[in-house]
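Every chain is named by a letter (A, B, C, D, E and F) in the order it is written, and numbering of its residues begins at 1.
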Amino acid sequence: QVKQQIAVANAQELLTKMTEKCFKKCIHKPGTSLDSSEQKCVAMCMDRYMDSWNLVSKAYSLRIQRERTNM
Amino acid sequence: MQIHEFNDFCWDKCVEKTGNKLDSKTETCLTNCVDRFIDVSLLITNRFAQLLQKSAGI
Amino acid sequence: QVKQQIAVANAQELLTKMTEKCFKKCIHKPGTSLDSSEQKCVAMCMDRYMDSWNLVSKAYSLRIQRERTNM
Amino acid sequence: MQIHEFNDFCWDKCVEKTGNKLDSKTETCLTNCVDRFIDVSLLITNRFAQLLQKSAGI
Amino acid sequence: MQIHEFNDFCWDKCVEKTGNKLDSKTETCLTNCVDRFIDVSLLITNRFAQLLQKSAGI
Amino acid sequence: QVKQQIAVANAQELLTKMTEKCFKKCIHKPGTSLDSSEQKCVAMCMDRYMDSWNLVSKAYSLRIQRERTNM
């Protein structure tokens, strides 16, 4: 159950960061609604943010393993 | 997210000069900024939930 | 009393944010004292920051109400 | 506010290059930055207190 | 430091456009960013420890 | 022992901030290793960051003293 709480907290943090980063990337002048190009941009940005998260996460794990081996 | 954080974010997005009052363009920007931020947040949250369901094979 | 603590915490957060934002807007090169134009700029910036806070706060409440009605 | 936060803020404001030592212009900027930050903070806090009192009709 | 913070930092450093996929230059940048960040962190931490020992006259 | 914990927390905060600030100043394009010019830049940046910390710290203490005397 603790693991589940961590997973939920992690997902929330991810969603918060993605919202901020993708708003900054995609909404240059906030209008009266999200137009379709903004929506597409947000969806794409979200996918790339998760790609980035996965890459960063893998690089970090590999590095930690290497550091442990070197100790 | 708290009002403080929305205001922090949308202030940086919308307010350039600080004169005797906020001009109407800035006011509109601030109001739209809050609404669009919530739109983006909902869009991302819903899409994330869909991706989770898809990857869970439901 | 809890309400009062929240109000105080809120005011402190507002004061902290205003100080940072208005320093950034008004003090370009920090000199040996705040000159009168910097003081005026800070006072004006503070008023506009509170205007912005009120607008943002109202927009947020309206949106939350709309979302509740749509559910 | 902690020293860390002052240093974070004033470093971004004052330090451009990082050579063999901080030049005197940068040193003056850092010292003034702290003092003016506190000035701005006091100005805002006092003015906020006045506005509160006025709106409370005291 | 959490993955979120690394990703936040390295996203700002490396990602300019968000197209249909991350291009290989951006991918390399992200991976290197994490590794170099850890290098900088280790360099600074070790050097700080040395300075502490020196100032303690050990 | 509480003092020691504060000192450790303080040092950690300092190390974290220095890492971020000096990465930003010295690593423009992260390569496959830290080259020697980047290493030199980081070491120098670190020294300057501590100089800055000392200056800021002194300026803050002096100001607090002055404010107390004026009260």
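Definition applied: contacts are C-beta pairs under 8 Å (C-beta built on N, C-alpha and C of every residue); 3 or more make two chains touch, one makes a residue touch a chain.
Heads up on the chains, UniProt names are B, D, E = Mitochondrial import inner membrane translocase subunit.
These figures come from a predicted structure and were not determined experimentally.
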Required minimum of steps from chain C to chain E, each step between chains that touch: 3
Most remote chain, CA-based centroid, reference being chain C: E
Farthest-lying chain, centroid of Cα atoms versus that of chain D: A
Option reproducing the contacts of E-F, where over half of them reappear, out of D-F, A-E or A-B: A-B
Centre distance in Å when chain B and chain C are each reduced to the mean of their C-alpha atoms: 17
Centre distance in Å when chain A and chain F are each reduced to the mean of their C-alpha atoms: 29
Multi-chain contact sites of chain C, meaning residues that touch two or more partners: 14, 22
Contacts with two or more other chains, residues of chain E listed in rising order: 14, 33, 35
Overall pattern in which the protein chains touch one another (line/ring/star/complete/other): ring
Ring topology as an ordered chain list, initiated at chain C and continued via chain D: C, D, F, E, A, B
Footprint of chain A on chain E - complex, ascending: 3-4, 6-8, 10-11, 14-15, 18-22, 27, 30-31, 33-35, 38
Touching residues (chain side chain E, partner chain F) in the complex: 1, 9, 13-14, 29, 32-33, 35-37, 39-41, 43-45, 47-48
Complex contact set, residues of chain C against chain B: 10, 13-14, 17, 21-22, 25, 41, 44-45, 48-49, 51-53, 55-60, 63, 67
Touching residues on chain C, where the partner in the complex is chain D: 11, 14-16, 18-20, 22-23, 26-27, 29-34, 38-39, 42-43, 46
